[in-house]
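Naming follows writing order (A, B, C and D), and every chain is counted from residue 1.
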Amino acid sequence: MLQSLETRSAWTANDAPVSDVETIVLSHEAVNDEYRHLVLRAGRPATLAAPGQFFHLLCPASGQDKPYLRRPMSTYKADPEAGTLEFLYKIAGLGTRALTTLKPGDSFRVLGPLGVGFTLDDSWRSIVVLGRGVGLATLAPLAEAAARKGIGVTAILSARRPDLVMSAERFAAIGADVRPVLDSDGSSAPENVRAILGSLAREGRADAIFTCGSNRLFRLAKDFATEQGIAGQVALEQQMACGLGMCFCCVRKFEVDGELVDKRVCWDGPVFDLKEATSW
Amino acid sequence: MLQSLETRSAWTANDAPVSDVETIVLSHEAVNDEYRHLVLRAGRPATLAAPGQFFHLLCPASGQDKPYLRRPMSTYKADPEAGTLEFLYKIAGLGTRALTTLKPGDSFRVLGPLGVGFTLDDSWRSIVVLGRGVGLATLAPLAEAAARKGIGVTAILSARRPDLVMSAERFAAIGADVRPVLDSDGSSAPENVRAILGSLAREGRADAIFTCGSNRLFRLAKDFATEQGIAGQVALEQQMACGLGMCFCCVRKFEVDGELVDKRVCWDGPVFDLKEATSW
Amino acid sequence: MVTAASSSAAPVSLGVEVGGLRLQNPVMPASGTFAEGLARVMDLNRLGAFVTKTITREFRAGNPVPRVCETTEGLINSIGIPSKGLDYFRDNVVPFYRAYSPPLVVSISAPTVDGFASMARDLTIPGVAAIEANISCPNIEEDGRSFAMEPRLTEAVTAAMRRATALPLWVKLTPNTGDIVAVARAAEAGGADAVVVANTILAMRIDTETFRPKLGNVLGGLSGPAVKPIALRMVYQCADKLAIPVIGCGGIATAEDAVEFMLAGARAVQVGTTTFVRPMAMIEIIDGLAAFCARRGIADVNALVGAVVDGNAAPEEAEALL
Amino acid sequence: MVTAASSSAAPVSLGVEVGGLRLQNPVMPASGTFAEGLARVMDLNRLGAFVTKTITREFRAGNPVPRVCETTEGLINSIGIPSKGLDYFRDNVVPFYRAYSPPLVVSISAPTVDGFASMARDLTIPGVAAIEANISCPNIEEDGRSFAMEPRLTEAVTAAMRRATALPLWVKLTPNTGDIVAVARAAEAGGADAVVVANTILAMRIDTETFRPKLGNVLGGLSGPAVKPIALRMVYQCADKLAIPVIGCGGIATAEDAVEFMLAGARAVQVGTTTFVRPMAMIEIIDGLAAFCARRGIADVNALVGAVVDGNAAPEEAEALL
């Protein structure tokens, strides 16, 4: 059985000390029009972040954009040896627009690692990750952690167009079976994704399923996990203020023992058991 | 007779259109620990500013420093041919600290030219300027304007130490008789300055006196002008919000017909007749 | 009147009818933050209306300096209504604005009910299009209690002005009361043609080096972006309960802010402190409103008024649940 | 207790006596902005006290999301006091804080006078050092009027709690009343040991793209630097009129802000929203207070309390002159 995600005793550094690190920007590149890749010097303990854990970024004021709150971002890569921390983000509004003004050499603060990340069970031999958009940023470190444990990975990467398939090379580099599915050629349609999942299950390559970045994919994954009786986890988003479980603004509804209960995405998650998570 | 400063019909562009110019920083140098010299590309009409007029600077937000109001600064130099505008400022607090972060190539807004500048009467042959600290920044363009009109200038420049005598070269370049007076050797003492003024008057080299930057020098200049029956003007400072005569926050007391009345430094000044201005 | 949106060819109608006046657009200055000086920066004929600094009948000197202090995204002022008196205003200021087309709204203050009424009467002259009563001042007949803090006093002073003038009468409320809706209703009952929501919020700062208050008058009124969500809430609460229009005021800095106030129920907006920081702001807001409507396919800016979608809300009980 | 200032060898005494408690320093969290999670970031033993999120007797779900929205230098929240109830709190939360030395102040809310009193009684247990009554909630026995809006209701609920517990009793006031001094005096008359000035200011925002309120609950409470000068003014007004201490709260972000509140008359301060943006802020403020006192040659932080120099001021008539 999976350990409960709520006890905070997952396999990784989920209980690592949290620090508000003054990081230095090493590089900051446009991946495409909408996405930016940010590499920071952060040192330990920030770089001990586990896959699925996140950081709370203090976006700098710039011109008319003066974000007041921090903005949460998933760990895209954390390398304790190199002391580097990476984020992949989409320019959405005030805060992310302000983030784009950071230049190499600039410094800014990130708080973390925060929250409960993904859990990998030693008994699994092969998992499926199913993501879309920046959700793939969240799943990439999980796939790498799985590979390090000798768990095989199939990565179903959904995107609007081929050029928006994010991070395919990261999944490929660990030897994952990469399956891009696109809106542009219709392959991202639920029926097709369901078919892929079905054949993976038949091949015994789906001991668990992980998803992030799309409500439609979440529902597919949840149905699939239920049907197959396998484990599954989802990384969720919700607007945050404190990031430390104090303000209760980041709640979502979860189904626990047949009842709908509120849980805090920042503290009880952002990774939750697929069985509990509800559609949004 | 001098024209009234209040009618706004002075010899220069005091009624020039005011614009909120997006300027580009050309250079920004430390003059010493406390002072900075800022050169901007500003174009017309900003560079038509008359000596004694000022600009209202929208200081950029930087880190924890987020000045909300603009900050007033005297025109240190305005060159309509080159399209450049210069300021000399002292780092005082929030706003000026934020100003220091401007780098060549950065752009920021300055509103102006504002207020009523100095008045030069065609009948004068020789004037005295008497200033201290950043007050000299305000007087330098006046001295140059006087030189252009063929009026001789004696510049009594007061400072704590020799290295803080600001802009002596600007006064020297127009052939002014430059007289530094220092706290460090006692030459800035009122008696000494009064003696210098007395001898200038005896030599017929004091048709009018102009002062800025020190309450003590203001009192000296006012007494001197009264004794000698000559004209005199002072450039005053007061905290400002609008800079356009609308908010009435920048008032000071003036003696008009034996009565103390409030006038707005930004609109009725910042240059006032010595006879009206009162000690602060 | 129809104004072309700057970002689109589709004409957007920006004209609004507010408290007895037809304005070419809903953007005007807030009292005390506007004067003739702005003519040096912008074309005053672009504005929806002019609103003067509050005047009193007699000469008043105003408060000791410092009269303003800066705060985080805001300004605290205690100017103290310096005034050259009603006669000076009639003879010197009213004629200045005759050269311009937008209507002139004159803000008045007085220490008594009769004082307000007689000023309203004496300003019922050509060149004055409406009276805005700044009733945040103390009533010396009622122990110095501010008119605008209490519904009873608000209704009395409004009714007296109503009898004294046929001009459109706007009443400007204070946000420092515990029940602005009750005060707004009292102004309506007294015969106001519109309410302005709202004046500044009582505030202070202390200099931690000198240990002195940062204002000569110790306390002052907070304005600017910092107060915007508070003023917006008050506009929303009042608009729902009044038949007369609400004019929104407090921290408006951008066209988006103006849209937010209109969605909350404001028929027009006043821009104050922002003009000190960005003197062209009112023009930018007018152009921005037109551009916003054009982009959203809104032909008439009046469609924004009160258009907030708040179906499942029970705003009156909101504090219950904070 | 004596703490060494970080920037100087001179020891500065930061200890304060506030509302029946002796605190090692005057800095504590504001209710609803602090919980066990902060132990992951800082040494909780450094704080002057702990103040919990408000609890209710029964389980409460809280408000619909979105529960917060950002504004210029501020935050509007409408969390809605989700609570697992008093029993859960006693059995799970109180024991957590036993491991730490600062006193635990429990914030409570109830819909009736008796509800407040019985909660105060039932929380008079080991591990709880004081009760903070969040009386900004509606009183269902009085037509839903908020206790803290009216002196009469405030005095009644305070007196009932006073009879129910011997613990130090702090009463937290709302800034949304028109006369906070009268409400503060009523709390004192009812037997409060201190007042906390103040809670959040009712505010709102509307999304100009969707036309929907930015909060699920439509209205919420504004906090953060934007409100600081308003809260400071209220502390100044109250401190002058009360014998019991005032605890300042609203927008405090730096040691300088804390000094400003203490000069205005606060005996201690609560830091809320700032912790969301700079989680180490309370520690920085404690160190900064010590450094400030050391630099100014102040041996005891209590010397700052009410030390504002306002000789020539007549603050009560201030609004008269704005």
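What we mean here is this: a residue touches a chain if its C-beta (ideal position, glycine included) is under 8 Å from a C-beta of that chain, and two chains touch if they have at least 3 such contacts.
The shown structure was predicted, so the numbers you read here are calculated from the model rather than taken from an experiment.
Listing every chain that touches subunit A and subunit D alike gives an empty result.
In this assembly, A is the chain whose CA centroid lies farthest from the centroid of subunit C.
Separating the centre of subunit B from that of subunit D, both taken as means of CA atoms, is a distance of 48 Å.
With each centre defined as the average position of its C-alpha atoms, the distance from subunit C to subunit D rounds to 33 Å. With centres defined as mean CA coordinates, subunit C is found 36 Å away from subunit B. In subunit B, the residues that touch at least two other chains are 66. In subunit C, the residues that reach two or more other chains under the touch definition are 71-74, 77, 79.
Contact topology of the protein chains: cyclic, one closed ring where each chain has exactly two touching partners.
Interchain contacts (touch definition given at top) occur between A-B, A-D, B-C, C-D.
Against subunit B, in their complex, subunit A makes its touches with residues 61, 66.
The residues of subunit B lying in touch with subunit C in their complex are 15, 17-20, 58, 66-70, 94, 111, 238-239, 241-249, 251-252, 262, 267.
On the subunit D side of its complex with subunit A, the touching residues are 32-38, 40-41, 53, 61-62, 65-68, 70-75, 77, 79, 82, 224, 273, 275-280. Those residues of subunit C that touch subunit D in the complex are listed here as 63-64, 71-74, 76-81, 136-138, 144, 146, 149, 174, 176-179, 199-206, 208, 210-213, 217-222, 225-230, 232-233, 236, 251, 256, 259-260, 263-264, 292, 307-310, 312-315, 317-322.
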